[in-house]
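Each in structure tokens, the structures are laid out below.
What follows is a pair of complexes built around chain A, which joins chain B in one and chain C in the other.
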Partner chain A sequence: MNIYLGIDVGSISTNLAVIDEEKKVLAWEYLLTGGRPIEAVQRGLKEIEKKLPSQVEIRGGGSTGSARHLTGILIGADTVKSEIIAHAVAASHLIPEVKTIFEIGGQDSKIIIVRDGVVVDFAMNTICAAGTGSFLDHQAQRLGVPIEEFGNLALQSKTPTRVAGRCTVFAESDMIHKQQTGHATENIVAGLCQALVRNYLNNVGKGKELLPPVVFQGGVAANKGMKAAFEEELGYEVIVPEYYHVMGAIGVAILAQETIVETKKTKFKGFEVSEVDYKTRSFECTGCPNLCEVIEVLMSGEVISRWGDRCGKWEVLEK
Partner chain B sequence: MAIKVGIPRALLYYRFYPLWKTFFTELGAEVIVSEPTTQEIFKKGLKKFVGDTCLPIKMVFGHVITLADKVDYLFIPRLVSIERDTCLCPHFAGLPDVLCAIMPDLPPILDIHFNVRKKGATMKSIYEAGKRFNKNPFKVYRAYQKAQREYEKFLKRIKDGITPQEAIKIFDGEEVSPPEKKKGGLNIALIGNPYTVYDSFSSLDIIQRLRKLGARIYTSEMIPDEIIEEKVRTLSKKIYWSFGKETVGSAFHFLDSPEIDGLIYIISFECGPDSLLKEIVDDKARKNKRVAYMSLVIDEHTGETGMDTRLDAFIEMIKRRRAKK
Partner chain C sequence: MKATFPHMGRMDIFIKGIVKALGMEAVVPPTSSKKALNLGVKYAPEFVCLPFKLMLGNLIEAFERGADTVIMVSDRGPCRLGLYGLPMQIILKNLGYEANWLILNTPHALHGLFQLGIEKEVVKYRDKLTFVDGLLAFHFGWKKMLAIEEIERLSLKIRPYEINKGDTTKGLYQGMEAIESADNLYDLKKAKDAVIKDLRSIPQDRNRRPLKIAIAGEIFVVLDSFANLDIEKKLGELGCEVDRTIWFSTHILHHVGLDKFMRRSKGKAVRAARPYLKHPVGAECNATVGYAILYAEEGYDGFIHLMPFTCMPEFVAGGVLTRVSKDYNIPIFTVELEEHSSQTHLMTRLEAFVDLLKRKRQKRQGLEGSRGD
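Right after this comes the complex of A and B.
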């Protein structure tokens, strides 16, 4: 059986997905990046290989997410694409009539406007990354609510507390004040979801034409409180797809399949890369006052790629 | 020995450098320009500035610090208005004072007043600037005429389709190879204040990044003034910021140009005028279904991933839209 692999390495989670020629998802893997993208990718490859039938041939592989370039080098990706495109491709495949995509991840949030299966507009959070997964995680910890329970708890609230949503610094102090005056935890949790939704729609979704069907994906889509808050604000159903947390990986697997149609032959290095010794190191180039931080990727002690220099002199490797 | 005049490579350097340099050189001065912004200059600027202001103003501080011990005079014009009916942001008018207040030990500042709205003011200030080098008003005036001719040539080169950075290089006698025209490449228009767009450090070298992605770059400076005037006349009110007028006028023009595929508006986070003008451009761009549009807000970021993600997605979006047609 021919299969395609997609890897999405984000700030918080590393996701892998394998699809067949019909773009059906055969297996997926969701693990925490933990600040170590290389290890996460290698661990992910080992895990997902176990879930695959024995007679498979990887026809292509792709990478996306904020560590897409690094991952692309590691696995020998056929396509390296920005997560915005990957998310849109996956959503349009699974829900062909989709018009609007909300994606909230660990460190950023985006909105993608799709018409007739093509991205026509998108926006990402600007300077401020308020209201993304990391913040919710942090608040869950502070309130002593396991993050998995956060959404269910929010749904129990009958009178959500008003929480300032403009900025997470203010949101946190506002929440503490509300706690101190005796508001119940479920009301605060529900209020926080509403505040984040308001903030998202006002900042990221500002001025965009939000037509249904809306698909809500990314790690935060697991939070039922957020889904409910979106639905309340918009007045229509918000769809959370089955594979909401690995959509980027599915999307880039589809993109890898598209690429192979043209290039025919894959550059994928095989599942063995999970055994290879990869390291990265960095140094400060003192060639000019820019003092660029140059990153080197080493495979079994040999430099295979470099980046981070503004002038490009380190990018070219001496053979 | 010639008197040394220092020009910081910041703010309106990207618009007026050939004019200023020719003027001072003609009067026998030696012009020294600070190096292109580096991490070091950037850090120095951030450290020195008290209070909070926009990134381009903080950058000036870094450049001035690196020039301070190399020159006899610093040229920091007090720019109030550079064309009739518009003015620059108040930061420009107050800059010489703010610099002196924060760094009292600087070399003397040539803070000539530029305000074309006052009759005769420009010629008077030109003489003010020139008299330190030559007391003869006729000679100062001649130097300025020559400077204006060089400046016209510089503007013409940009109108022919190169970026201001490249036109400055040609003016300085460097070789510039025009970016190759790729077949089927995308035409991307970049708008925003010149000092935000062309300082490759703060803009994370957006122009080169886009070129690497196969784009051909168009900028506001390439658009004739008459077109800009004509486009902004469609608004119910006049735009009284000089660069704002250019930004909005050229944005409207690009949105109407069949050859343009995408428009990117670069804004520095704390820019007051841009935060208002962005709404006007956003509104017009939203109604345009043909040209892809995005705005990028930049601040003190040096991480490139965020910029890459947005640019990659923007270019890919346009390509996919094309393929669908």
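Right after this comes the complex of A and C.
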């Protein structure tokens, strides 16, 4: 059987997905990056290999996420794509008529506008953290609600408490205030979801035409309270796909498949890369006042790639 | 007197050129870096725009190196740039740095420079230095600046074709150094010609058909590659041919009214924006909007709008640009820059933007039935 592998390495989680020629998901893996992308990728590869049938041939591989370039070098990716594109590709594959994608992950959130299967506009939160998963985690902890139960609890609320959601700091102090004045936890939790949704739509979705069908994906899509809050605010259904948490990986696996149609031959180095000794290290260049932090990737002790220099002095490897 | 000035792109080349030709002394702050930025962020009001923070950082670093006179180019507002000088003076004074301040409002910048040279410092040299010396010095600085801009322009044209990623940038940085160290017009010309030859000889794949992207927005962040996170380099390496709408030289020429006959003058841009903006909003706002229209009409694939976070005029421009984008069918991407702006975030969005432009072009070509990429 021919299969394609996609890896999405973000700052919080590393996700892998394997699809077949029909783009059906055969296996997936979700693990924490923990600040060590190389280890996460190698661990993920080992785990996902175990879940695959024995007679498979990897025809192509792709990487996405904030560590996509590093990952691309490690695994020998056929395609290295920004997660915005990867998410859009996966969503339009599962729901071909999708027009709007909400993607909320641990560290960042995006809105992607799609028309006829092509990205035409997008936005990403870059400055405010109020619209991300970490914010919810943090508040859940503060309220003593396990994050897994957060969504169900929110759904029980009949009269959500209004929480100021303009920014994380305000939301937090406002929430504490509401807690002290005796609001029920489920109402606060539901109110928080609404505040987050408002904040997200106002900041990230500013000036965008948000037409249905809307697909809601990323780790936060597990939260039923968020889905309900979106639907209430928008007045129409929001679709949470089955593999909402590994959509980036699925998307880049599909892109790898597309690339292979053109290039024919994969550059994927095989599951053995989980055994290869890769390291990254960095140093500060003192060549000029820029003091760039140059990052090097080493394979078995040999430098195979460098970046981070502004002037090209280190990036161009002497052959 | 040890004069200093805050950085803005490679304006330092211009000023250093003048100072060198006059035989005066200047303390050039180290190029903008994380260190300058951190200093600026530490002492500036939190919500002031990024250019203020960087400039403040530059000045602190210059004072640490013994500067005692500040020359600063300013503007007449209505945004904060017109008021930059005063709060900076107060902040620096509180930090214990006393200095002479010479704040030049741009339209009078040239006049001010002469004043500085002739009235203050040059008194000492009066028997040695004449008005003609001043003119010659100015001419030399100007020529140097133009040389730098010429090789920058060339690098923008070559980068999308380079075969080995990084070659162009490396050549550009080496070239800027060579031009910087030229002492007279003759050496300058020689250095410039050599750099151009080197850049042209970079291995290139001329079969590529790069996307064309224009960059506009607030002047400081457009000119300063540290402030804009090397966006031109990033776009070039993603395979785009970039055109920058503002250069130091065009900015000066505009202010002295000499850019009237240039193909893409600021005046033309401001006029093009009239259907959307009838009144001057301030700084580059009207021009930003107008440039988007002009470049869309020229058939550019995309437009990038750079603005410092909390920048008033460019915030207005951003709002108008969403309409221009629809009306002229040109994708526009606004990048807000501040001290926490991350390289990774920017790269993710740039790659997606470039991808979007590529697909748009493919679709258009498919419709026209012409040959694909």
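A few points about this structure:
Note that the second predicted complex is superposed on the first by the 317 of 319 C-alpha atoms of A that agree within 3 Å, B and C clash if a C-alpha of one lies under 4 Å from a C-alpha of the other, contacts with A are read in each partner's own complex, and residues count from 1 in each chain.
Please note the rule applied: a contact is a pair of C-beta atoms (placed from the backbone, for glycine too) under 8 Å apart; a residue touches a chain by one contact, two chains touch by 3 or more.
Remember, predicted model here, so these are calculated numbers, not experimental data.
When the two complexes are overlaid on chain A, chain B and chain C occupy overlapping space and clash.
Legend: residue contacts after superposition of the two complexes on their common chain; A:Leu32 is shown touching neither chain B nor chain C. Contacts of A:Cys311 after superposition: chain C is touched, whereas chain B is not reached. Judged by the touch definition given at the top, the superposed model places A:Ile85 against both chain B and chain C. When the shared chain is aligned, chain B and chain C each come close enough to touch A:Val118. In the superposed model, A:Met1 makes contact with neither chain B nor chain C. Counting contacts as defined above, chain A residues 66, 81-85, 108, 118-122, 124, 126-127, 207, 288-291, 310 meet chain B in one complex and chain C in the other.
Considering their complex, residues 66, 81-85, 108, 118-122, 124, 126-127, 207, 288-291, 310-313, 315-316 of chain A touch chain C. Residues 30-31, 33-35, 164-173, 225-226, 230, 233, 309, 319, 322, 331, 336, 338, 340-342, 344-345, 347-349, 351-352, 355-356, 359-360, 363 of chain C touch chain A in their complex. Listed in rising order, the residues of chain B touching chain A in the complex are 35, 38-41, 201, 205, 269, 282-283, 286, 289, 292-294, 297, 299, 305-306, 308-310, 312-313, 316-317, 320-321, 324. Those residues of chain A lying in contact with chain B across their complex are 66, 81-85, 108, 116-124, 126-127, 207, 288-292, 310.
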